[in-house]
Each structure stands twice: as C-alpha cells, then as structure tokens.
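Going by the order they are written in, the chains are A, B and C; count residues from 1 in each one.
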Amino acid sequence: MGSKASKQDIPKWRRSTGTLLLFILPFFILLFVFKILPIFLNFYYSLFEMDLVKTTGFVGFENYKTLFNDPHFYRVIRNTFQYLLYVGPVNVVFGFLLALLLNTKLKGRIIARTAVFMPYVLMITVIGIVWRWLLDGQHGLINQILGMVGIGPINWLTQESTAMLGVAIASIWWTIGYNMIIYLAALQDIPKDLLEAASIDGAGPLRKLFSITIPLVKNTTFFVVITTVIYSMQMFGQVYVMTGGGPNYSTLSFVQYLYIKGFREFKLGYASTIGVMLFLIILVLSAIVFLLFMDRDKTKKLAKGKGDE
Amino acid sequence: MMETAEINKKKHHFTFGKLILYIVLIVLTVAAFLPLFWILSTSFKEMQEIFTNEIVWIPENPTLENYQRAFEAYPLVEWMRNSILVTVWTILLSSIFYIMPAYALAKMEFKLKPLLMVLMLATIMIPKELSAIPVYKMVRAVNLMDTTASVIIPQVSEAIGVFLLVQFFRSIPDELIEASLLDGAHHWKILWRIFVPLSGPAVSVMIILTFVNSWNNFFWPLLVTFSEASMTLPVGMSTIMASYSEASAARQYGLLMAMSVIASLPTVIVFLALQNKFVEAVTSSSIKG
Amino acid sequence: MKKLAIFVSLIMMLTLALAGCGGGTDSAAPADGSGDAAATGTSGAGAAAADTGDAVNINLWAGFTGDDAKAMEGMVANFNEEHPDINVTFYTAPWSDMFTKFAASYGTDAGPDAIIMHATDIPNFASREMIAPLDDLTEQLGVSADDYSENIWTGNGYEGVQYGIPLDYHPMAVFKNVELFEAAGLDPEMTFETKEDFLAAAEALTNENQHGIALGAEHAHSMRYWYGLLYQAGGEFLTEDMSASAFNSPEGTEALTFLSDLIFTQKVAPELEADIDRDWLSGNVAMVIEGPWFVPTAVDSGFEFTTAPFPQIFDEAAVWAGSHTLTLPAQSNGEDREAAAITLVSWIAENSVQWGISSGQIPASYTVQQSEEYTSMDNYKYVKAFIDQAEIVHYEPLIPKTAEIGADNQLSPILNGIFSALRGDQTPQEALDTAAGEVDSILQS
C-alpha cells in the first residue's frame, strides 16, 4: 500500500473546517468532560471538606495533612507495592517465557494459548468469586491439591501472611495471558533471518535469546512493565470481592481505600485527596520506568534502527 | 527451566528437549484450565459434594439446581439485560464517536492536532478512578443516577479506540479521498462509504476491545447503579460477595459458580469464536505503549 | 467482520428478547428514568398490582439479607395488596452497600421514600441531614414512646430528636446442637450462668471431630461477643462523654483474653474460622452465638436445636444488641410519596408481628411482643432466650463516628484488633491498645 502521502503541499480538502468540527467535536467534548476536566476537578475537590450531599467548606491542605497522618494510608501504599512485587515480576518474566514456549512449533500450542489467555476475558467479579472458592481454607481445590503433597491446609485469605499472596495468585491467573499474547506478537515480529543468521554464526540458543530476542522485544517489555505497574496501583475488584481489604487491612488497596472513604464514609474531599496521591504515585513510577528503559533504548536504536512495531 | 529446555530442543532436534517442552506445555495448559474446569464442575454439584474433603472432579449426581436457584434467588435476567444494553449501546456509540475523529486525525491537518493527540495519550495513562468522583458528582447533578445511560456515556471516551483507528486510517491512500471528492462526495460519505468498509479489521478490533471493557467494567457501574433498573452483571454479582463478613451468602459456592458460568458465557463464546480477532485486539492496543 | 456483524445482531436480538421477558414477568413499578424500552421489573416484591397509573410508587430500602430480606419482601407484598393506591418497591442489599447507594441516590427521585437502618446508623445520617426528624410525625405514624422500652425508644434518636421508629431489637443467644449435646452427656436445655458452666460445656463438646463453640476470625460477630463481655466485666467502650476510647482497660483485655483463650488455651473453638454459621450447620461446632435472625435458617436446617441466653461469664449481666429502625429521608419526593411513605412506616410498625414471626427478630413494640399471635408462634420457644435479655442489652455508641468504628465497618480498628487477637497475631492487650489509639484519632478528627 502507498503508506504515506507526501506532505509538501497540503491539499485544501485536508482543511475543511466544517467537517473537522463535526468529526472532532463530539468525541473531544466527551473526552474533555469525562477525562480531562475531572482531573482538575479532583485536585480542586481535595481542598474541600465535602460530603455527598453538602460541601462543608474550603479547608486548604487539611485533607493532605490528615492523609499523611493516616496510618491506613501507609498501609495501603505498602500493600499496593507488596502486590506489585508479587504480581509484577511473575507477569513480566513468565509472560515472556510463556510466549517463548508458545512461539515454538509445538503441537497443541493453540490450545495452550487459549487456556492461558481465556481467564483474561472473564470479569473481575467472577475471578474474585472463583478464587475465593479455590483458595477456601477447608474445601478449596488449591489446598486439596497441596494436601496431596503434604502441604497445608493454608488459610489463604483469612490470615494476614498469605492473604495478599492469594489475591496475587488470582490476579496472575487472570492477567498473565494478556502479557503472553503481547509478547507473542512481538516475538512473531522478529525477523526469522536475523535468528537464522545468528545460528549460522554459531550463536547458541541462550546467546540468541539474550542478544537478539530480548533486546528486540524491549519496547514490548517497556509496555508490559508500565501497564503492570499502573494496573497494580489500580487494583480493586479482586480485593473487593475476595477479602474486603482484610484480614487486618492486609489487602486494603489504594482504590478500595478511596472507595471506602468516598462512597462508604461519604468523605468525598478526602477520597479526592487519595485520588490525587494515587495519580502522583503513578506519575512518578511511570517516569521511573520510562527513564529505566530510555537509556538503553537509545543505544539500541543506534545499533538497529528498528523497534518492535 | 524453560530456557534450558529451549536449548535442548535446538541441540538435538527431536528428542529429550522436545519431550520436556511438551511436558511443560501440558502442565501449563492444565494449570490454566483447571480452575475453569473446577468452576464448571462445582456449578453442577450438590451441596454435600461441594463441602467434602476429597476432590470430586466430576459430580456424581450432576444437578441443575444451582442454575435454577441462580435465576430464582437473584435478578440475573435483569442484570444480564442491563449488561447487554450497556454493552450494545457502548459499542454503537463508540463506533460513531471514535470513527469520526479518527478520520480527521488521520487525514486532515489543523493546528491543534498535535495537542489533541497528546491529550488523548495522556488520558490513556491516567487512572480511571481519578475521574470517578467528579464524574459521579456530574451524574448526580444531571439526575442520571441509577440509569444505564450513566453507565454508558462516560465509557464512550476511551482514547485508545480512536488511536487504533487512526493508525489504520493512515494506511488508506489519500488518492481514494481525492478521487471521491472530485466525484462530489462529502467527507462524511467518504468516511462511512469508503473508509469504514475498508477498515473491517481495525473496526472489529475496536469493537472487541470495547465489548470486553464494557462487559467487564466494574468500578464505575458500582458507583452509579443501585437497583435492578441499572445494575450490571459484575456489580450485581459483587453484591452477593460484599457481605463477606456475614459469610453465609458468600459461601453458596455451587450457586456462585453457576452464576459465574452464566455471566462468563457471552465473553467466552465470543472469545472462542473470534479468538484470533481477540488476540489481534489485545496486541494492537499495546502498540504505542 | 462478517462474523462480528452476525454476532452484534445476535446480541441485539437477545437484548430485545430479554427486554421483552423482563417486562413480561412482572410489570412492577418502573423505577423511573431508566429511559429505555426495557422498563425495569423488580424481583421479589411481587407487586402484583397492575399499574393503573393512579397508584403512588414508593421505594422502601433496607440492608437485609437472607431470611430478613424474605420476611420484609413478604410484608411489602401484603402491604401492596392491602393498599391498592400505593405500590411499594422493596430494595435490599448488604448494609454498607445500601448506604452507599442511599447516598448516591440522595437528591434524585430514584432513592428511597423510607429506609430501614440500624439504630446506630441514625447519628451518622441525622448529622448529615439525610434523614428526617420524626417528632412531629409520631402521632400521624400512630406510635407512642410508651409502647417501647425506654432505652430502645431513646436509642432511636440523636441529640434529643427522634429519628426512627423501632422495628425490632436483636441481642445474641447461644444456639445449641441437641444431638451433639446429648452425645456429650449434656442437657440441651442448659443455660450458662457462670464462666465455669460455660467452659465445662465447651470442653465436653470438643473432640477430634468437632469444637465446642464457633468464634470466627473474620466475622463481625467476634466483635459483638467481645462487646457484650466487655460490659459483663464492668468495662466501658468509650468514655462517658464519648470523646475517647475506654476499652483497652483491664476489663476489655479480660474479655478479649477470655475469647482468645477459648481458641488457643482451652482449644474449644476452631482456629482461623471462616464461617461460623456453616460450621454450626454442618456440625463442626456444637454451639454458635447468633442473633434472632438466625432462627429461621436454623429451623430450616432440619436438625434439632435449642437456644440459651448469651453466656454469663463475668459479674454484670450484659449482651450486645442492635435494633432495626424505620426512618424517612430528609429530602422530599413530593407530598404524595411522603404521605404514602408515612402510611407504609406506620403499617410496618403496627404489623411488626409479621416481621417477628417470619424473620425471627424480636418486635420492639410491647403490644406486639405480648400479643397472642406472637407468643403462640412456632418459633417462640427459640426466641424466648432473646426476649429474656431485653433489659440488659448494650448498643454500640449512638454517635456519628460509630459508622467508622462500629462492627459494621470493615475498616473499624476494633474489629480488626479483635480479629488479630483471635488469629493469634497480637496479644489481646496489644490488639486493644493499637485499636484504642486509632479510635481516639478517629474520634478527635
């Protein structure tokens, strides 16, 4: 296909204002009202003591002060990072390994792909309900299987030490297929001749993996890492259904805390403050991930001049 | 472990390495599949069989009682109807609202274009929950609480859908537009008569993404729906579990698994029927991370 | 693309079909405004009344689950039958959910016209001006303070203003599995007058297959047990002016130590117990301490059981209790709906015998409690143990902050403190000290 038209002279048809407005406005009005404006409003709300029914008044940074003295807030941050620590590495590394495995010419890999990917299309409520059952302390399948090899029984979701792990296991089952699929697409984009050439040069499989495959899927890894981080920060449905934040706050997540403060205790101003903090944390983390990948990305681009897209 | 397996496989083409790979493959498939099977199996079990201390893979006296009770005890039909309404409307509206700006952003030139693109990108990165409180207040202010409309409309603002289409539209040659314009067609007509038919793959990817997101959307409908008039399946089902500390309702596992099966059927069927499209939808949403 | 088109049209057809049958099964009150062809049909309420258009549609909301929900559904159906001019739609969800939705609906006309809540919820909503004072309405409602025990009636107010009409009250009692009691050589009719009584029974009922009593590790009841014992030991939950915690006293610790010892020292209660009701219903434990709402479930379970008042462990007589109360929202949905709501509330109060019989809860009204119809019901022998405790009940504090520190809030520091003591993560003293600090900071904020 003739992919790109020359840009030297811009034909008149590209500038028909009427059409432009008709095409652009409806969507961008929605985008503005539901996505952009709310971000600013959220900052604004965080400066008020606000109820669902009435707004008591402007309190300046009082909500922030309360938040920084709120032990639950630190608990929530700790929990969220604990979750990220459980889910992140597994999702990225095993997502990649799974993709590697399914990128081979094995028979039945389509079935395997289906099985691993299928949970991703289920709704989070179903995931939560199902895993509550699977992780049930007395009659859950997981404990019964562990019991056969002499482990357990573990009260997964009813003791502090394992509750978050239980939530993480459910989440991994739910999302790992997504990462796998994305890696799989990236792997399929790697030119075959590149790998063959390396083989001819005598590079072993490990060598090829580390010096060709992994560098070539770097952009994908960046994407996977950043979405994993962002989604982990936003984790909600799992704990809402599986543990309700317990036992003893050990699975209380950021968004759930926002939900409880705003919509259970009706402190909308305070909940907005939590939202602002969540936003800032995600911003910082994204920046860190971005910087981590930036550096080497540049050198790679110099060498290859080729992304994974 | 898998890496070494990979190595072995390459070294001696047929033998040991491949065997290990197959074993890994089978184990993984079974591990991923087991929970799904267990859901299905539990949903057909009687109470006593659920709470035994042995693993019963296949129920001895399969019963439909759980399914029957699911429909009797909970307004599953209403939830399902709301979910379908929400999803269909979201897909319809998204198709219109995303396709139009995608055309303009792909093919037209205007000053604000770069800014709009950046804004869209920014909204993809920003967590949905952040807009929840302000939008919640808006919905209250216009008296749309507890309506399907309040669930649908805010969902029709996902920039990712537009991005997908922009990418695809760019690859359609300008000559097509120019020729049609010469024939006296308007952009509106060109978009719907030429671009959309040509963009089947991209549009269907967009629709699938919208379908899954909308069907599974939880946080937002949880905030704005509160009666059978508007509660969607994920929210409805969560109300059974929300009473987690008053545990008994939340422990009728046979019933809950039956409901899970029913709630998952639509996505699972679509997934199985259009698996490749699904894979495409997911991967294309990742481009430009 | 073709496949997709077929799929989309299939879904559309399905929608229409569902919308059709949704409207067909029961054409109850359309909860207004949903705007779609698919007018809502509400399950359960069974409002058979064909929409004549003249009937006033109102909503009654509550946080009932299980048998309570069924009982109230039945009452609403009866009310609708008796009142052709009013059509009540009953909506119920778990309490915290219902309140979230009440707040969400506030200011719209899709919300409730009458709400059933706990007496302890009144201060929270009264202070937020979300429920209406009833002082001027009591006559219209046809109720009088004389018909209720004084602490129950005044417990339905906030700062001297009446906000609720008591529907019932619900202390706790011991449910005993007769078969297991007899197998252990105990009298199933026994009551627990002293700590020794209770421990001896619990020990006799414990063997390798079963435990004596259910305590729970994540059930809000655990806090309710402790709350009763705290007052039995002579402790107080908050200081008298309700401005600070008072429960990490020797009495509070003694109460909690008693409970955790049942699990870890005497080992008569299961560790890390997830579901006290199921354990009792399946015979894994011989006793469970539950509220009167558990009576219908226990009766339905089919096995033989008896009830006894909450065990007397320490010196004072005390038991935790809650109370359901009928309230009206502060916002007006128009005169017609207000009038209909008043009719509904007074009808429910007047007919609470129906509620008592089918839900198991103890009707708050003396008239109803002593009525022939109530005392002659089949389940009276089971609820007697609850009625006998009427004079010793202790509510959670009637202050707005109870919404944050009470047993119903999953973030409650005390609830979580008690859980961690009962899981063995903290000693009772540690758990209560931590909780006390957090409660103080909540009360001061």
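The rule is simple: a residue touches a chain if its C-beta (ideal position, glycine included) is under 8 Å from a C-beta of that chain, and two chains touch if they have at least 3 such contacts.
Note that the structure is a prediction, hence the values are computed from the model and not measured.
Comparing the centres of all chains, each the average of its CA atoms, the largest separation from subunit B belongs to C.
Two chains share more touching C-beta pairs than any other pair, namely A-B. Separating the CA-averaged centres of subunit B and subunit C is a span of 37 Å.
Centroids built from CA atoms put subunit C at 38 Å from subunit A. Subunit A and subunit B, compared by their mean Cα positions, are separated by 15 Å. Multi-chain contact residues of subunit C (touching two or more other chains) are listed as 96, 100, 104, 107, 218, 274, 410.
Chain contacts: subunit A has residues 52, 136, 138, 244, 263 touching two or more partner chains.
Among the residues of subunit B, those in touch with two or more other chains are 51, 140, 223, 242, 244-245, 270.
On the side of subunit A, the complex with subunit C involves touching residues 51-54, 66, 69, 71-72, 136-138, 155, 158-160, 244-249, 252, 260, 263-266. Those residues of subunit A lying in contact with subunit B across their complex are 1-5, 10-11, 13-16, 19-20, 22-24, 26-28, 30-31, 33-39, 41-42, 45, 52, 97-98, 100-101, 104, 106, 108-109, 111-126, 128-134, 136, 138-139, 141, 144-145, 173, 177-178, 181-182, 184-185, 204-206, 209, 219-220, 222-224, 226-227, 230, 233-234, 236-237, 240-241, 243-244, 255, 258-259, 262-263, 268, 271-272, 275-276, 278-279, 282, 286, 309. Residues of subunit B touching subunit C in their complex: 51, 74-75, 77-78, 80-81, 84-85, 87-88, 91, 136, 140, 143-149, 200-201, 203-204, 207-208, 223-224, 226-230, 239, 242-249, 251, 266, 270, 273-274, 277. Those residues of subunit C that touch subunit B in the shared complex are 1, 3-4, 7-8, 11-12, 14-15, 18-19, 21-22, 25, 30-31, 33-36, 38, 40-43, 65-66, 91, 93-94, 96-97, 100-101, 104-105, 107-110, 218-220, 274-278, 282, 297, 410. By the touch rule above, subunit B contacts subunit A in their complex via residues 2-3, 6-7, 9-11, 18, 21-22, 24-26, 28-29, 32-36, 38-39, 42, 50-55, 96-98, 100-101, 103-105, 107-110, 116, 119-120, 122-123, 125-135, 137-138, 140, 153-154, 156-157, 159, 162, 170-175, 177-178, 181, 186-188, 191, 212, 215-216, 218-219, 222-223, 233-235, 237-238, 241-242, 244-245, 250, 253, 256-257, 259-260, 263-264, 267-268, 270-272, 275, 278-279, 282-283, 286-289.
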